[in-house]
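Can you keep this structure in mind? I'll have questions shortly.
A, B, C, D, E and F are the chain letters, set down in written order, and residue numbers restart from 1 in every chain.
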Amino acid sequence: MRPSGRAPDELRPLSFEPGFTKHAEGSVLATFGDTKVLVTASVETNLPPWLRGKGKGWVTGEYGMLPRSTHTRGNREAARGKQGGRTVEIQRLIGRALRACIDLEKLGERQIVLDCDVIQADGGTRTTSISGAWVALRLAVDGLIEAGHLEEDPITDQVAAVSCGVYEGTPVLDLDYPEDSTAGSDGNFVLTASGNIVEAQVSAEGETFDQEALLRLMRLAEIGCKEIFAAQLKATGR
Amino acid sequence: MRPSGRAPDELRPLSFEPGFTKHAEGSVLATFGDTKVLVTASVETNLPPWLRGKGKGWVTGEYGMLPRSTHTRGNREAARGKQGGRTVEIQRLIGRALRACIDLEKLGERQIVLDCDVIQADGGTRTTSISGAWVALRLAVDGLIEAGHLEEDPITDQVAAVSCGVYEGTPVLDLDYPEDSTAGSDGNFVLTASGNIVEAQVSAEGETFDQEALLRLMRLAEIGCKEIFAAQLKATGR
Amino acid sequence: MRPSGRAPDELRPLSFEPGFTKHAEGSVLATFGDTKVLVTASVETNLPPWLRGKGKGWVTGEYGMLPRSTHTRGNREAARGKQGGRTVEIQRLIGRALRACIDLEKLGERQIVLDCDVIQADGGTRTTSISGAWVALRLAVDGLIEAGHLEEDPITDQVAAVSCGVYEGTPVLDLDYPEDSTAGSDGNFVLTASGNIVEAQVSAEGETFDQEALLRLMRLAEIGCKEIFAAQLKATGR
Amino acid sequence: MRPSGRAPDELRPLSFEPGFTKHAEGSVLATFGDTKVLVTASVETNLPPWLRGKGKGWVTGEYGMLPRSTHTRGNREAARGKQGGRTVEIQRLIGRALRACIDLEKLGERQIVLDCDVIQADGGTRTTSISGAWVALRLAVDGLIEAGHLEEDPITDQVAAVSCGVYEGTPVLDLDYPEDSTAGSDGNFVLTASGNIVEAQVSAEGETFDQEALLRLMRLAEIGCKEIFAAQLKATGR
Amino acid sequence: MRPSGRAPDELRPLSFEPGFTKHAEGSVLATFGDTKVLVTASVETNLPPWLRGKGKGWVTGEYGMLPRSTHTRGNREAARGKQGGRTVEIQRLIGRALRACIDLEKLGERQIVLDCDVIQADGGTRTTSISGAWVALRLAVDGLIEAGHLEEDPITDQVAAVSCGVYEGTPVLDLDYPEDSTAGSDGNFVLTASGNIVEAQVSAEGETFDQEALLRLMRLAEIGCKEIFAAQLKATGR
Amino acid sequence: MRPSGRAPDELRPLSFEPGFTKHAEGSVLATFGDTKVLVTASVETNLPPWLRGKGKGWVTGEYGMLPRSTHTRGNREAARGKQGGRTVEIQRLIGRALRACIDLEKLGERQIVLDCDVIQADGGTRTTSISGAWVALRLAVDGLIEAGHLEEDPITDQVAAVSCGVYEGTPVLDLDYPEDSTAGSDGNFVLTASGNIVEAQVSAEGETFDQEALLRLMRLAEIGCKEIFAAQLKATGR
């Protein structure tokens, strides 16, 4: 039995609240159970130096946790003077995931920065960030199209992410904090609506696992992402 | 005429939404018009080294803006590797303001950290932070009392803050961004419900001002803080 | 009775020693009692990036304390790897204060950096810095005019600063360290010779204060600044 | 055809040269083709603060590239003042991988730091680091046993890592730089000699991939790791 | 001919003004021509961790240049966030030089920090710092003896430093800035009053030099230090 | 008797292994006894800003120690976030030494970076770095000449370095770690094959020394460098 009483292949209640803040070109509050991440998409014309003049754009992600989004307060990374290893690892993943669903040449010479800030954490903040980031990106690109800045839609696919893991011997979908903190192994999957994989990553946290477990986690991720894809479409008015 | 159509002594619609996040001992979303600040109060038993063993506690503030809380995206301070001067100035002010309303000896050997994170900015983020911080502090202290950790209430007064400034020659209350960005001079006042001043600070931003202007801004602040005090009490169930 | 035996509205002996160092375009040793600050004005043609090509200049301040300018040695900020919050707060104030007395368009595309380095501290280092900075700025601008680099004088007013506070219940002018460290509330006022206010800032340090106290401190500041204005003029040969 | 002429399931020539440096408790030069990584294992009795007094030890990894280990010189991370995101990501992976093969309680209250420094890079530096780190760890633990510091062998399994990817449509084993820089997707697998998975991670770099591709990469990794396990044993005299 | 008209073996006018600031246990303004360095000696009971409980003390140096001590303004190291290589090199030299003249066991478990801050630079700031540091150290130790904190004088010798170099083919003593900036080679010598060498360092700056030149510079240094030793004694009332 | 049994004027066995790594324009493993330093020379067309457009090039050095190159593991400087004072001091020396043997105008607008990374330390890492750096520089410049990028050879002389010191009262050549850690005074000499001095630096480490000792160390350095010059020529095929 899962602590929450959910079935092994059951997501937490999820929602995407578009337009949560007003300044960003795209903005959404992504919620998976008690995990809440504010994602904004900012369109900038100022490309990083190494990309200038190449006729293409860039999509990148940044990630942060508010100091008291967690059970005990974490130090503010800005005050400590650097981002921790986990933060850096996650924001690299967010960028890779979202660049997999966009044609950077069609985007033109502009950069879209996806800021994922965790308001409240209860497991799965990186996958919630990615799933929300697709919504924010979609909204920002819709705005560029409506404003006539883009003739062709550069978004080529839909991307969502979910965590899975082996909890007390059973592979389960969408781990919350009580599960995540004791899981024997857990992973994060980034999938496309067209049925492909962008990133599959599973780590042993206490006990190693075998190929069959890997495949069962993979299948759970497919189940979960289908539901997320539907919610993303609804939130972006499709 | 103010851009918003408000009267010179009229606050923006304001609200304090207590319990906005679940982990912190005190938590509130403070809203003044389009300015939204999430304030959490974290109770820690780990005092800063210079205060240990002195039989008293500490209250401190930290402040941050989400990168896209503003019209154009600001760099993430954690990524730049340091907090900017404005951030540091504001968090020092938050700490001073809240320490003025609490008896640190009665608080005992614990620290309360008030994290003020700006979700959306439209002028007055530092005063919204302070006014919200009182609510979060009150809630956290209420929890300590209920849990039997404190016998006597250490909070000695109520503290609120508001900005005022001279906009197109007229002293006005609670500047929003369009006013703030063009005001000839502006200031921030931190007042107590008992009628005293904790901090009065007015700066010329383009043109100097005289004593009469200073007094009129002071009086506007008193009008504004009365309304804020009432909303704070309501949010904390008093 | 004040520890120094001064009357409540009496400044410490003050002096401005122009030309204290030889390389800077303007240089002065500003002394208020035992507080000694070396201020240099450096004229640079290299504007900060965000100001280039706009046909106007900039005036900015930097502030530092020598490690043993104080009773006990403070760590060298360069060795710690960052400037503390107090330092940052003070240098922002210095910049704002001096920009209030100069027409940046008349200054032309050049920057004047006012470095205020505390040689010996005994209270009031930030106000001594501002009062001295006006002298250094005046000397540097005089040099630009004499050299034919400026046709019109960009300095529009005279600026001085002084601290005031409530010491043992009595509002007093120009706090020295023994007063400053025990004052119930204290403030800093930046005034112009033409009778206006550039910055008024009063903080409760232990006990809150009321409007009447604020006004009395304001009036003390006016008394003190008159004397400072005269000394500034004398030091710059006017 | 692979640029090197290798078969799809063929590793590069590999070697582990134990005792490459003399001070470390364990030291090995791990070579996969032109990729050369010096790994040292340092045994320290000084545990990180959060682990002290818990009756168990810790194994951690650090990673660095010499500035000119690559085709064009990279900036020295020590000179830039921080480790890049890729470095941090890799050293977290190294630590996780090696902790999966050791019983930290049997290790006792000591820390083993695995320093992986890339002398020359030609693809696969992180997997070469992990495979070499097992050798260095094994040698260091052997030393502890020989010296009588450990009664029971804390190493519970053998760990190796290899990269695989889809190069021009074909899944291939152990990518070298020319393959790595153009692969459509690539991944890193950390496996145990007992047949389990410690970490499986595959990313789309240009084109997404499907489950079948994931499984084929997984199988290639198994083939590769068998050969690596044998070489590790030989290098450690087993 | 030297730009200053001095003879090759002639020092600039030099002075040590003891008690230049009031808080430090030892304080002196050391002047060599237009080079002015404020040196303070701070006695601390808080030893660096690696020296605690060993029954001996420590002497260390720190060095800084005020931003406008030089012809053109240098960036403030505290603002840049780190000390430059030259600064670090110089403060290591200052520490080594002064530790050569004191018995650290007789000093007891206390640290003396010698802060050397350059008020005005005109060549030779590091040697002026060292020569002044001996005065400040002597004054601080005298104070410890007078206060009864030390029974035996831990200072074992007198230390002074001077620069020498080959200017337009001629070895000269005590280079000023015009000489220093064009010298073919220059060096710094730290000597003891008892006739020994603490540090001898000569670098080619544009042309290499031979042994004979090295010896002539050495002899000039001996001449110069004799005069400095006398001035140091006079400043410390011996 | 020296711990190694060497005669006072006897170098350790030394070798220069050119081409140790394949990417750099020049690469050598320099070995003095158990001290091993990998030096690479990287030719870059991107000059530091202050040198651009002046028709000349630059040669600079960087230095690092692998964390476990020493008896006990040192913290990784990249992880600590800054290079230590000793590192900075050494890399400044490396740059100065190598610039003494090259005509920067003949080098043209390119920079050569000499990275000296200590693989194993047993005393004399800075002098081994300099001696090796000449080999790497020579190889890189030879490559530029062969490729037709340089018409004239910019290298004007040969440079080598060696340490000397007073060990148990006897001046000895090329100190190894057991000698270095107990020497009364020690120094580093950088000499040219044409018989001149680039840098002479001797420090008292425990006891001061006299002029005669300085001269004897100097003479030992000359003996040692002759052997090094020969080995350098051989390694570069001359």
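Convention: a contact is a pair of C-beta atoms (placed from the backbone, for glycine too) under 8 Å apart; a residue touches a chain by one contact, two chains touch by 3 or more.
Quick caveat: nothing in here was measured; it's all calculated off a predicted structure.
Touching chain D and chain F together: no chain.
Between chain B and chain F, the least number of touching-chain steps is 3.
Farthest from chain D in terms of Cα centroid separation is C.
Summarising the inter-chain layout, the chain whose CA centre lies farthest from the centre of chain F is B. Chain B and chain E have CA centres that are 50 Å apart. Centre-to-centre separation of chain C and chain E, using mean CA positions: 33 Å.
In this assembly, the C-alpha centroid of chain B lies 28 Å from the C-alpha centroid of chain C. Residue positions 81-82 of chain C are each in touch with at least two other chains. The sequence of chains round the contact ring, opened at chain A and continued through chain D, runs A, D, F, E, C, B. Residues of chain E touching chain F in their complex: 82, 85-86, 88-89, 91-92, 96, 100, 157, 187, 192, 194-204, 208-211, 213-215, 218.
Residues 21-24, 27, 34, 36, 38, 40, 42, 44, 62, 64, 66-73, 76-83, 87, 113, 115, 117, 119-121 of chain D are the ones that touch chain F when the two sit in their complex.
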